[in-house]
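Note that chain A is present in both complexes that follow, paired respectively with chain B and with chain C.
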Partner chain A sequence: MTTPGKNAKPVLTLARREALWAYLFLLLPLAFFLLVRFWPTLQAFQLSLFTWHVDPLQRQFVGLGHYQEMLGEPRLQRALLNTLLYTLIIVPAQLVLGLSIATLLQSVTAFKGLFRAIYFAPYVTPAVAVAWVWSWLYSVNFGVFNNLLFEWSLFWEARGIPWLSIAPQPFLTSPSQALLAVAVVVIWQGLGFQVVIFLAGLQGIPRMYYEAARIDGANPWHLFRHITVPLLNPVIVFSVVISTIASLQLFDQVVNIRFLDQGGPLNSTLTIVLYLYQEAFGRFRFGYATAVAVLLFILVLVVTIVQFKLISRRVDY
Partner chain B sequence: MKAVTKLIVAAALVLLSGTALAQITITYWQFDFATRVEAINQLIAQFEAENPGIRVVHETFPHAAYAEQVAVAVPAGQGPDVAQLFYGWLPMWARAGLVKPLPEQFFDTATIDAEFVPMVQVAKIDGVYYGLPTSVRTLALFYNRDKLEAAGFSQPPSTWDELIEVAKALTVRVGPRFTQIGLGVAPAGQDHHLIREVLTRQFGTPPHSEDGRQVLFGNEAGLAAFEFYTSLITEHEIGVIEFVPGAGGYREGFRSLENIAMIIDGSFAVGDTAAVAQFTWGVAPIPTLDNGVRANFGSFWMNGLTPNAFRDPAILEASAKFLEFITRPEAMRIKLELVGELPARRELIDDPQLVVDPVFEPFVAALAYATATRFVDELAQRRVIIDAVNRVVMEGMDPAESWRLAAQEEQGILDQFHRQ
Partner chain C sequence: MRLKLTTVVAYLLLLIGSLVMVFPFAWMVMSSFKEAREIFALGFWPSAWSFDNYREVLFRTAFPRWFLNSLIVATITTTSVLFFCSLVGYTLTWLRFPGRTLIFVLMLSTLMVPTEMLVIPWYVMSVNYGWVNTFWGLIFPGLIPAFGVFLMRQFFRTLPRDLFDAARVDGMSEFGLFWQIGLPLVRPALAALGIFAFIGNWNAYLWPLIIAKSNDMRTVPVGISLFSGEAGAAWHLIMTANALAILPALAVFVIFQKQIIEGVALTGVKG
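Right, the complex of A and B next:
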């Protein structure tokens, strides 16, 4: 029998061979990813340093000129503020509502599938259709919401309690209400997704923890706070990170809900991506728009890293 | 030869003769406006019949996505050889290199100056034409004759005071809300043109200087014009911004929902209104002040040549031929019939038959005094006016303050453009 000596080749174990095959198969998606994601991102960094022209020879190098221009641009500052507000409203709302509905759905036995379908339906509805219908719901003179407020006010006035009546609201035609109105639409549409992931997370928590806690005298709130929430931590992190990234990149609903005055009224619903889109495809300033895109990239990256550090917690029971 | 052999030879000859003519394919892009699409399809059929070696591919996109599609396709060498664009976008498009000047060998500047209506001169940059329109448009007052007559008005209003009177009679409120309004105000529709180009002139000032570099409408006359417009909403309450939600809501309210009695719109709306309206409607000239000064806003969609057309002499020739074809008098007649857009050539404007038609009469008459704003960036300048009105109506800002800000913003846009 030969013993392995100094000149023996390294042993190609089964584990190593399997790993090699894995790397080989991963090579294809990795190449695709590099080509379609990373390479254009690097190109975008480069593009942000030039002014745009169809003819590459006529593009002028401006260095950090676009970034300097961004600093003094009031519309971009407003877009940044709005985007932050959207995120601060949408993320907690979707988290709380998603978790609450999922918890309630968990204890429902009849028509479970139907409820899930109803909640998920808005998520698969095209954003254009959603925005169109909601712009009619919010319509000052014809919308359902103001009609309801009108009926409500009539009801109380007829009973001699006029101070309970509520005036018709301007919703999308008011710079102070428009952002909130759009946020409600986004929350409504994204809720289904949140419910589904939380349902999946809830089903992954072993029953025996709840039983053990009940034996020790825990009430439903204790169960929720000390078992459900900590063990749902991975799902909560996922939900927060995904909805934050989506809110920071909000575009679809904003664009379609006020079609002739996008980002209005008076820039109150403007988001970074919408501003970028208008600069790029309305004014053909692709160099400047790419600089804004780089800014957004950095913003999303920083926020995501911070969230991972702050919220992620490993919980073992 | 046997019969079968003869047949085979004949078939081969037919096929060969077809391929012997080198097929040049050019692409024409415009945005999706049903009647215009139909008109161009007819013109393409005629053009291809006249020019058997050229095939024209016609593609359309929704209005919102149109500029985006062009911006993405042209740098990639794809997309249109001949593209339609709004004249107000030309400076931004030319600056980005999306359209190139019309080659002198096919298009003579002096001839175009002489044959087309004067407003088309705005399609020139540095004395060279960048495209040509098939049609031009002006604005007029569309009114619901049935509603006016039911309220006791046999004639449409001819002065602004009369319009306010008519509109007040036709505005219906229920509590704090409206179920019908007299004038479908739409700053995001055509009203920003109305304010910037028509009202300012009626009140006594051109909006910009001759060279287009200075904002003049910030003066007293301009402010008076702006205050008048906002008073229609805030004081007389004959109009509500976004009364009917959605893009083109003011049009829908006028012709489909019939809860708007009058709108100010362009001649391009005639075709659709004629097709859809279930009531008697009419068109009247835009009202004037008591001083009788007339002004109107003329505009047009022009057809230009993209860099794609210049990559090959044969394609350039074919594209130039097509552009020339769709700006011929016959093409303009078809557009007039199908869309309701006025011909861009002087010879047709003087056509007596055109002037007699009661629907087109106000639009054609306005051509004599219509001006086309010399935009540098129509999208940004449009937003200036919309925001100015919104600040007054939605935030209760003093009109003078809001208009001062608007003049400042607009001057900033002009300065930024000319600085580069």
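Right, the complex of A and C next:
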């Protein structure tokens, strides 16, 4: 921008004044974004190439050594596999349950707000508290679930139908059940968010589309399949992307649902972020842990891009 | 009145679902009123309502201190989020200056980087500057979230340009335009953003777990996650502390339910 001379039009001075104000307003926020967001991001890439030492001069350059090391780490592979499993369980479950509950809510009039609030409440509560309660419900010896199973079995055995009884379950203590048990908690807590998003999406679909189709003889499944799903597609994409990203970053619930050690029996619930946390703040291997973080970053980025491409292609209607 | 079968089924399913959602909370709250020896019994209601657990958690553990810490962190962060996100959102929408789009894209691009990738550099930074185990250390990463900037910008864009031009001609200062004209018009957005910031910071776990080293600097989630050490395996106290931990977020939710749900709906639909 040129310096306004004596004869310059006042518009220029005004524009210049406006720009100066803008830079003044953005001064602190820009400094924040540079120092707390950009610089640490670059630093993460850099740290992942060095061994860790408090004194920067003593850090040794290992190049892609940490990334190579990751390839041969069975616990990391386990964490990656588990994270994939979590995502494959949580995302479809939240999508189906969220959409179903939203559709049900859409069809009723009384107590709609109350129901919505009840479903949403777990979403605003601390994951740590939620994890405590559920680990107690899951407890093998004095948990509510096993007590209910016990009562259930007693009930049917007393009536001479013993094959309906169900044995107490090991839940969190079993390598084959622990991951599913944790996933149930995550689904329970995040469901309300999906319900609210889908409900807003459903309310955006004009009623007359349904009425017109109904006159043409469409049944409820046709209405859902050919009106709701296509018109809701952008919301579905948003919901899937959000819950996938959240599943890839699972940590709070996994750490806090009580096991004998973090990561569940035989690492059966270990996630990428928990692994990263243990490497960084349990073993102080900051270089290696940052390399794991970079891997997570790439995963999140790739998954997001792929999902947007895949799902939004079908939007054209 | 004729009730349609489908409506009855819908209510029935919604009711069952609600019970599933409410049950863990109800169990927790009921347990907090039970005596220690009753805690493992299967009964839902306490045989005698006792406030002993609350007395114990409030007067004999560090819980009040964690509560205060969480309150300080969540309040300061929320104030900063509201002020800076709206200021930046406003500036990026209604002020013309070179580099406007670039700055917006730069800020928005930080949304792609997961927090987990930044915690180690933040921790190293905190060690270097002595921020470990301080309030500033707890607070600094969340002061200006890119999401908030994006949200506020979306809302400021809906205002008419003439509004600001007219006041500018009348000689109002640029900050006055933002503070007196812009802000009051985006109050609903501010409410939603403020509530999200408060609840989000109240529930935050990973970073406070890393940066709070001593018991008296812990926030509520970090405190209760390490509560077993403090209370033994005292489930009656753990459930009481959980009930108290959930209280503020739930209270905020009940009071501002409308804004929260509208806010979530808006971000989802406008995305």
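We take it that the second predicted complex is superposed on the first by the 273 of 317 C-alpha atoms of A that agree within 3 Å, B and C clash if a C-alpha of one lies under 4 Å from a C-alpha of the other, contacts with A are read in each partner's own complex, and residues count from 1 in each chain.
As a convention for this text, a residue touches a chain if its C-beta (ideal position, glycine included) is under 8 Å from a C-beta of that chain, and two chains touch if they have at least 3 such contacts.
Bear in mind that the values here come from a model prediction, so they are computed numbers and not experimental data.
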Exercise. Aligned on chain A, chain B and chain C: do they clash or fit?
Worked result: clash
Problem set entry | Touched partner set for A:152, first chain B, second chain C, both or neither | neither
Exercise. In the superposed arrangement, which partner chain does A:55 touch: chain B (first), chain C (second), both, or neither?
Worked result: first
For this session: In the three-chain superposition, say which chain, chain B or chain C, touches more residues of chain A.
Result: C
For this session: Once the structures are superposed on A, label A:297 by its partner contacts, choosing first (chain B), second (chain C), both or neither.
Result: second
For this session: Of the listed stretches 73-81, 145-153 or 217-225, mark the one in chain B with C-alpha atoms clashing against chain C.
Result: 73-81
For this session: Enumerate the residues of chain A that count as touching chain B in its complex and touching chain C in the other.
Result: 54, 132, 136, 142, 280-281, 286
Problem set entry | Interfacial residue positions of chain A with respect to chain B in the complex | 52-55, 58, 132, 135-136, 138-143, 146, 150, 167-168, 170, 172-175, 259-261, 264-267, 278, 280-284, 286
For this session: Provide the residue numbers of chain C that touch chain A in the complex, in ascending order.
Result: 6-7, 10-11, 13-14, 17-18, 20-22, 24-25, 27-28, 40, 42, 84, 87-88, 90-91, 95-98, 100, 103, 106-107, 110, 112-125, 127, 140-141, 143-144, 146, 149, 174-175, 178, 199, 202-203, 205-206, 210, 220-222, 224-225, 228, 235, 238-239, 242, 245-246, 249-250, 252-254, 257, 260-261, 264-266, 268-269, 271
Exercise. Along chain B, where are the residues that touch chain A in the complex?
Worked result: 64, 67-68, 71, 74-75, 92-93, 95-98, 175-179, 186, 188-189, 240-248, 307, 377, 379-380, 383, 386-387, 390-391, 394-395
Problem set entry | Touch list for chain A against partner chain C, complex | 1, 15, 18-19, 21-23, 25-26, 28-30, 32-33, 36-41, 43-44, 47, 54, 101, 104-105, 107-108, 113, 115-122, 124-134, 136-137, 142, 144, 147, 188, 191-193, 196-197, 199-201, 204, 234-235, 238-239, 245, 249, 251-252, 255-256, 258, 273, 276-277, 280-281, 286, 289-290, 293-294, 296-297, 300-301, 304
